[in-house]
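Scrolling down, you'll hit the structures one after another.
In what follows, chain A forms one complex with chain B and a second complex with chain C.
Take a look at the complex of A and B:
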């Protein structure tokens, strides 16, 4: 009942955002009919666009899961972008250096190293929170901002491929690339990894003691402390897991699409992951459609800008409207709840 | 035909969320200038009825007549335009605002340029507070006020909005004995000014003292209305519950065992880590013994309990359970060592209102073999456990998947107690175990405590309710200013007065009564 209500609200929110997007197209396009058609139909019009749309959703699924995992334990990991970027650097570096290794081994090591690197970075914020009550929201955010520059330094300097002519790492052995599944599009086997990870975490969340600890701590930290749930450990662990997923999201594009790491390749995956988690209401499985929606908006706008005369920023407008409406609605229901709690005897 | 200022007739209300009938045929008739008590057990429908009157809930059928005219109250705004004001149990004040700002919030008077006229508002409020005898300085910041004063601000707010009928929802539940006296004076003053008061309570002695008329609700139905003077407490209590429930003092058992629990020279600081709130407390509790801790709120009880249960740091001293020094144990290790704890705040600390009953019942044992294996929770085992506890402790719920926050106060407490007792503790720490509960639930709690005491368990009972302490305890300790100042054996000839003397710190030196009064209000909150 509650959940269905939430879904209806989300649907309305998305509807309003799309209408606003359409208005933006109407205002800016000289052939709005064609633009709107390209926007909505374009991503499905051929395998190339369709595959690219799904490919764009892969990192979003993972960052969305990363955000919902942390949020449901009420650990506010806002450093996903930096964790993702740093994880990707570590993973790519190892992949490049392991060029003589068997492909499977190299891929596995690279993925795990990225996850580990992201997890450690987020874990620092969790640890600071547990140890000295440092607000994890602030610390993760600040660490993340700094890390982006640190990683950029490596891409421009020590880990730069001079032949690239831009801030990018050398290529890894092309054997290490995840297999493509819908050529000529970018879609790669990483999508199965992402879905498998999501399902795995869904079960963790629903059925395991660790998931129980996270959910209960997220709902009422006082109660968790009282019950003897190791709240500090739970918070550090949630941050670590969240950061690992961000790291995984970071490496997946490099292994799947680029074969190396290019500066700024993440078009805000970390930030959009937070929006995805909000739309999915922190439900691990709903992260999949939410990520697809975000990827659809992105590619719809891209296709429409190719085939018609609008700018791809239309997607940003729609995404931000969704973001505002969902956060505002979250705020309203939060205040409403506080109000009801106040009245109840 | 009498002239009523307000009549609520045949009010029906069914909550659609859980299909619970909250009110059926509830009727309430108020005479102008009278204090009308609305009494009933938890879940009897008092609050729902008031929410309907205040426009927060909609009724399914029934009528409301104000001064003889049919009215429709859809929201709180309409309610106060009609002169109905409500003082909620939990105050809705902004600590950083001063009294005048709080009172005028949302109805600020503005001049023609749209600026708020604070001076004018302050003067009005100042006048009103003098006239009504509430005596508050409108410029004081609300955060600096005591709970009793905050309540006055709430009352003043209803007056400022022109309330003729003032609803006081369990106004005494948050107050100390002295503050209750002051509240009663305020109520009398308001009455003399012609205001009509609805006084919601389940403390019958207070009702008897302050009200002119009384209406009893049971299971959403009005079962009695009449003059307070012509009723007696036993009768009302029987009407509330529908049967006779009486409390008799627990008989002390002689089968006391050896020391199960002891504290040695314990020092604990306050939550801000600044001052010592517990100053060298030592005590011990034997098997099969209930030790009550009496004291005015704020004398170190909270810090003592938090230190015992592992939620706060111990500065100095040790805690022993079953001869083991558990001072450095985490909360979980203490629980594993045989400690259980019923906290004072059963909603925010003792349960997770947004979680279902199952999730609440397993919070202290989800990691054990009883309910999980290799890190995965066994759905069947935990379901069986929950079903068993619901049955064993007679938790009234529409289903197992119901959020605990949806249950009535008494049933939430049953969830807490069933969880705490099902781990078969050696020591139970019970903090205000019946706070805000109706008589039937109270009886249930007392029976449970008696049962486990007779099984040879130890109970440390902390309560602000002296009757409760005297009814249950084998021994009574009095805490004052962070120290145990007296250890009474609970003899039949022990009086409340005697205990009260130590609670107030009067044993130290006899002080003039007035001064003592001030001192007590300072130490509360």
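Take a look at the complex of A and C:
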């Protein structure tokens, strides 16, 4: 029953958000019919758009998982963006420097280094929380802001490719790129990595002691303390894991699509990951459809802006409406009341 | 040099302090208002756009305040009436603000980049006769725009509202213990909704104080100031004077960053991290101290 209500609420939320998006298109487009059609059908109209949509969902799956992992332990990791960006820098740097290495080894090292870097950054906030009760929401966010500048500094200066003509790193050895699986689109084998990681964490979450401790800590910190769960360790660990998933999300585009790191390539993956986690109600497997939904909104708006005359920021407006309503308990009680009344009559 | 530094400190402090005064009211009502950043951003755009198109600064500021308050009302409605998580609603507000401002900027002005309104009315600097020529003191006290001066008046007014009026007393009681407040007949809903509107009011002025003096709007120009304001609220411990002190420190951190940019070769990108690092360090320092006090 609870779950059904959740689903109905999610559906209503998405419905309302789409209606607002359509209104925004109606108000601003000179050919609203075509814009709306492109928005909804565009991403499915050919392999190029379709593959790019799936490709765009890959980092969102990982940041969505990162956010849901932290949230389910009641650790508010708002620094995903910085963890992702910094992790990507570390991984890309190593990939560029390891150009003589065997491809598999280089890829594995690069991925793990990114995850480690992101994990350490988030772990600092977790440690500060556990040790001194520093609000992790604010500390992770401030560190994230700082890191974005630091990474930009490297991309513009010491780690810049002078030939690039923009703030971007040198290219890595092209052998290190993850194989493309739906040319001519950007879709790459990273999608399998993302899904495998999600399934792995689903089992950790459901079957392992650590997963259990995280969930219980998230539900009731005091109770967990009394029942002998090492709450502080759990908080640090969940921040670390969350950050390392963000780091992984950061490197995956560089290995899969760009072959280098470009300043500002993350179009809010961190923030949207939070929304993805909320739509999925912190359930690891549901992160996949939630990420696909967000990628669809993004791609639909992009295609519509290419094929018609809307601004792609329409997607941002729809996404924020989803954000607004997704945790609204009032929507559920409203539905619940209606249903109970229905039974009475 | 010292004079310049002090002057920049106050000028940098102003938008943060305005927003922080707003956040103070929601904080007193028992909620952490994450949406300050978004409210500032919306007002930064709408106030400048209006001022440039009507030629009236006052109208610009009023529209900025209204748009920010509208956003605050949405926050209040969704979090209080629809009972959504107030953190998430705050994040939504920020995301919405960053989307809608770029959306409007591209639909109304035809660009997503930097908007510079050459013909926008000037938010002129007010020179105080007699004082402006005194070294250091002149820099410290004279030559700010009206929003910089008014913020100090606002601190005093907030102090009076919070500590000397029944409204302030009720709001504080809701934040401290809302069950007890309900039992003596205070409407938690009204208090909290009101505090959202007030926070929208002040954050709106903060946003206007950001864009009007430079006649420029860029997407995301608040650049974390709403969050820094939030930390100022926490450090201020429910007192406008405390919030003022914290905001001065953050203003000084920004001024320091500017000073280094002018006088050293350190990369400007790295210097931009200074305000965030200082904020973080103070936040940690504050938490450590609080924990030690609580332990005693």
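General remarks:
Just so it is clear, the second predicted complex is superposed on the first by the 326 of 345 C-alpha atoms of A that agree within 3 Å, B and C clash if a C-alpha of one lies under 4 Å from a C-alpha of the other, contacts with A are read in each partner's own complex, and residues count from 1 in each chain.
Here is the rule we use: contacts are C-beta pairs under 8 Å (C-beta built on N, C-alpha and C of every residue); 3 or more make two chains touch, one makes a residue touch a chain.
Predicted, not measured: the structure shown is a model, and the values here were computed from it.
When both complexes are superposed on chain A, chain B and chain C clash.
Shared-chain residue A:219: touches chain B; no touch with chain C. Applying the stated contact rule after C-alpha superposition, one finds that A:76 touches chain C and leaves chain B untouched. More chain A residues lie in contact with C than with the other chain of the pair chain B and chain C.
Using the contact criterion defined above for the overlaid structures, shared-chain residue A:229 touches chain B, although it does not reach chain C. Of the two partner chains placed around the shared chain by superposition, neither chain B nor chain C is touched by A:97. After overlaying the two complexes on the shared chain, residue contacts for A:209 are found with chain B alone; chain C is out of touch.
Contacts of chain A with chain B, set against its contacts with chain C after fitting on chain A, share not one residue. Residue ranges on chain A touching chain C, taken from their complex, read 24, 28, 76, 78, 128, 132-135, 137-139, 141-143, 145-146, 149-150, 152-153, 156-157, 268, 271, 274-275, 278, 311, 313-317, 319-321, 323-331, 333.
Taken together, the chain A residues at the contact with chain B in this complex read 1, 207-210, 212-213, 215-216, 219-220, 222-230, 342-345. Looking at the complex, you find that chain B touches chain A at residues 17, 42, 46-47, 51, 56, 88-90, 92, 169-170, 309-311, 330-335, 341, 343, 348-355, 359, 362-364, 366-367, 372, 375-377, 379, 409, 436. Note for the complex: chain C touches chain A at residues 74, 78, 81-85, 87-89, 91-93, 95-96, 98-100, 102-103, 106-107, 112, 224, 227, 230-231, 234, 267, 269-270, 272-273, 276-277, 279-280, 283-284, 287-288, 290-291.
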